[in-house]
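Here you go, one structure.
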Amino acid sequence: MTMQDDRARKELLITIIAGLLDGIRHVAVGASSPIPAAGAMLLRARNEQQGKPPISISILGSSRHNFFTNGGVELFDCAAQGRVDAFFLGGGQIDGAGNINLVGTGDYPRMDVRWPGSFGSAYLYHLIPRVILFREEHSPRVLVPKVDFVSAAAVTPEVKRRGGPHALLTNLALFDFDRERGGFRLRSVHPGYTADDVRDRTGFDYAAPEIVPPTPMPDRATVELIRGRIVDELAECYPEFARTMAAAA
Amino acid sequence: MAEMVGLEALVASIAAGQSIAIPVDRAGVSMAATAAMIDAGLTGLHLVCVPISGLQADLLIGAGVASVVETSAVSLGEAGGAPRFVAAVRDGSIKLRDATCPAIHAGLLAGQKGVPFMPIAGIIGSDLLQVRPDWKVIDSPVGEPGKVVVVPAITPDVALFHAPEADRFGNVRIGRYRELATMAYAAKRTLVTVERIVDRDLMATEDSAAGVLPALYVDAIAVAENGAWPLPLWDEYETDGAELSRYAAMARTDEGFRAYLSAFLSRSKQVA
Amino acid sequence: MAEMVGLEALVASIAAGQSIAIPVDRAGVSMAATAAMIDAGLTGLHLVCVPISGLQADLLIGAGVASVVETSAVSLGEAGGAPRFVAAVRDGSIKLRDATCPAIHAGLLAGQKGVPFMPIAGIIGSDLLQVRPDWKVIDSPVGEPGKVVVVPAITPDVALFHAPEADRFGNVRIGRYRELATMAYAAKRTLVTVERIVDRDLMATEDSAAGVLPALYVDAIAVAENGAWPLPLWDEYETDGAELSRYAAMARTDEGFRAYLSAFLSRSKQVA
Amino acid sequence: MTMQDDRARKELLITIIAGLLDGIRHVAVGASSPIPAAGAMLLRARNEQQGKPPISISILGSSRHNFFTNGGVELFDCAAQGRVDAFFLGGGQIDGAGNINLVGTGDYPRMDVRWPGSFGSAYLYHLIPRVILFREEHSPRVLVPKVDFVSAAAVTPEVKRRGGPHALLTNLALFDFDRERGGFRLRSVHPGYTADDVRDRTGFDYAAPEIVPPTPMPDRATVELIRGRIVDELAECYPEFARTMAAAA
């Protein structure tokens, strides 16, 4: 992929994320998640331009973009209070029921592949209304029929919850999650790919419209906003990422 | 009340088999004491990562100091996975107690409050409940009927962290990193390394006192300049990313890890 | 996020019948908002005293604003018992929810954590368990068998307090009085009066940020100079003991109380 | 009572309290408890003179003598952690089983006499090893057979506890509390009173030795320490009380 292509890919993902976040007041973003952060910043900038209510972005682990004063537990408390509207989770594996696995593959505990661990996923998935599953790699080894270890479960009818998956975004496509049915539905396929590509590279089953629309590309104003203000804002927290984006110009 | 000691004396008070709470990278990790612990040949420690760890846990695992690891994740962050942790999981040389971040905070909070357990939202449906039989699901005894997860109190034998400064009375500046206070409240003994001892009383003003762990909770303090290196210390220095990458590359093999460790320990001794 | 409003607008957002958390005297009581609430003719409020109250609760009870009082004590401290509270208990005009200090903190903590209840040490054997049927005694679901008291979450509609300063972003300086943060975390809305708005960003340094309630939790702020009077405000002014004694003497009778209240309200209006 | 007699009474109580606290590391004292605070200060001064381990005194509600930085809950947490060795409780009523009543007399809730409320007693009585019941008034209306409302229970065999009553100190006498038996035992009677005075003015039954010793008066060194250093130290937190003590000189 050329640097320009890679930048276009990132700009597309950033634009989709801004759309997925529309309407929220407070989004939390992981310390090493520049694309989600950029999506949130794009929405914030747009809301400002359009005179819509401001949105707050908490970047975990950053001391500059940290609205918290009660230590590491505050994000979790804040989510439990209903004060965090959106968050991003990835997953070494994501299955068709929306469950995610951050622990590893094979039999626990001596797994074949061990990942870092569940972090806050088992908790936040229950409490944050719009959890966006964001995983750039779109392959059958990531998108599996059933995860080997459920770090966080998507649907738990045995307990009341406000949180859960809202959408799944990859390099290939965007899926919505249907909490009633407990599964994904393909919303759109990114330019350069077909619905068949998505079906081939997805290990789980999902619903899809008869004609799958292409994911809309960012318009010129959006692209300019990203290349200008958003790259500048990113530079504070994600200098390396901002540099790559700028270098592609 | 806090005693001012040297690094060796600080870690000499940790006994084989004890549980030890250690903070997340950005909250002030005592790498200086980590080197001293490895050097002292400690074994069988039960790490309680609050709520995750990185280089510190990986070194303690690789050096054979830690035999139980209670954590929500072990990762070198941008430098990638934690190689000695991953190797130890595969060869079964550590006992895992996988968790999720707020459950570790909740367990410590139960320790702070002197109650046997703490309820916690979420978690239901996670396989963590299968691998943590000490976590229970109960029917809420109050309010609307519903299932709630409860986790047992965590009362570590030792809490260990690094902070910018302490005063002569043993008060320690922790800023907004209140998990350090929670660790100390819950732990039986608290050991702290600091960049320096300051002359002013950290409790003197309402502003400075708000960011202080009182000496009441601090058992021993040792000065260790640059004591979090190569991890960051707030208001003081950033992560040494090159060093972390160097570690990540070397620690892929057991031999590489040994070579890194040997250099790390001699460097620590020169500094101390 | 925090809106800057006038005192009247601040209390206009409180509705009849709501629950309202108010702090202990030394932690910053908004007497200015108390006067405005009485003036606005609010009724049926459920006071949650964190964990006790004095003049503020007594005025709100005497003026007929409060109809439920959840507290570990109501007392004027050195000025003696709280006369309107005592009178209201005797004539049955308020519903009492007697508590013990840490149980109120525990209930708010459950609110902060989004869990339905919080376990708490002690209490067993106390008649409080008889008069608080919402508190339960359960068998601990973890660890050694044993009885543990659990109290339900407290999630006040409103948290109200007075602080020295807020910045233009709505961050409020609370110093070491962390119960103010707990109140705000647990409450649906938080209203704050302050002595002044400052130009500097209270979150700018680690030291100042440690003593700050972030704007995220603050719904509205009104400036009210001397807004805790005659109660004290840390770093700012002491209790006006003579005024408290004057109140204690006058409020012994209903007529005396009416006279005091009338003067208190007109004084507050002149100041505001 | 003359000012001198009153000062002697206070000095006696302060001295007894210092003795009751001997061996502790951390004592918490209420904001309006000058005599307990003075007792703690006396022990601290003595320990210093004798090279014994230092003791910490937390005076609640004082910002100068406040070792806490976590708000009003910290004393309670600290007690639960076993970090507070001694505390003082009073009581509108105290009964022979060591139960205390801070709520009122008559039938709850519309009581005949209503006091402020239970404060932290229901909790702290379970958690602090040496709770000293301190009530200057020694009369049958205070020391009752059975309290009308149990704010805090002294003995609860149904639950493990480290805390409870250690002694009861009044203007007339000093009692020890026997946790096994769940009752008081008269230790000594203060100068000027007899064992019969105590029996007459106590509403509950208690054990007593055949010959009840007098409470020892403070020695000259102790009196000098109180009138000097302790009164100075008291002046910071309890200016009115210190003034009265000094005025009696």
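Here the chain labels run A, B, C and D in written order, and each chain numbers its own residues starting at 1.
Throughout what follows, a residue touches a chain if its C-beta (ideal position, glycine included) is under 8 Å from a C-beta of that chain, and two chains touch if they have at least 3 such contacts.
Note that the coordinates shown come from a computational prediction; the quantities given were computed from them, not determined experimentally.
Novice: Using Cα averages as centroids, what's the distance between chain C and chain D in whole Å?
Specialist: 29
Novice: Rounded to the nearest whole Å, what is the centre-to-centre distance of chain A and chain C, using the mean of the C-alpha atoms as each centre?
Specialist: 40
Novice: Would you kindly tell me how far, in whole Å, the mean C-alpha position of chain C lies from that of chain B?
Specialist: Here chain B and chain C have centroids separated by 36 Å.
Novice: Chain A to chain D: how many Å between their CA centres?
Specialist: 60
Novice: Among the residues of chain A, which ones contact at least 2 other chains?
Specialist: In chain A, residues 63, 68-70, 80, 127 touch at least two other chains, as defined above.
Novice: On chain B, where are the residues touching two or more other chains?
Specialist: 113-115, 120-121, 144, 146, 176, 181, 206, 209-211, 234 - these are the residues of chain B that touch more than one other chain.
Novice: Specify the contact topology among the chains shown, as one of line, ring, star, complete or other.
Specialist: Contact map by chain: other.
Novice: Okay, what are all the chain pairs that touch?
Specialist: The set of touching chain pairs is A-B, A-C, B-C, B-D, C-D.
Novice: Which bits of chain B are touching chain C when the two form their complex?
Specialist: 106, 110, 113-121, 134, 136, 138, 140-144, 146, 148, 150-153, 173-176, 206-211, 234-235
Novice: Quick one: which bits of chain A touch chain B in the complex? Just the residue numbers, please.
Specialist: Of all residues in chain A, those touching chain B are 31-32, 61, 63, 66, 68-73, 76, 80, 99, 102-104, 108-112, 114-127, 149-156, 158-161, 163.
Novice: Per the contact definition, I'd like the list of chain C residues that touch chain D in the complex.
Specialist: Going through chain C, the ones touching chain D are 24, 26-27, 50-52, 71-75, 77-78, 81-82, 85-86, 89-92, 96, 98-103, 105, 109, 120-128, 131, 144, 146-147, 176-182, 234.
Novice: Could you please specify the touching residues of chain C with respect to chain A in the complex?
Specialist: 1, 111-115, 181, 185-186, 203, 206, 209-217
Novice: Which stretch or stretches of chain A touch chain C in the complex?
Specialist: 26, 54, 56, 63, 67-70, 77-83, 127
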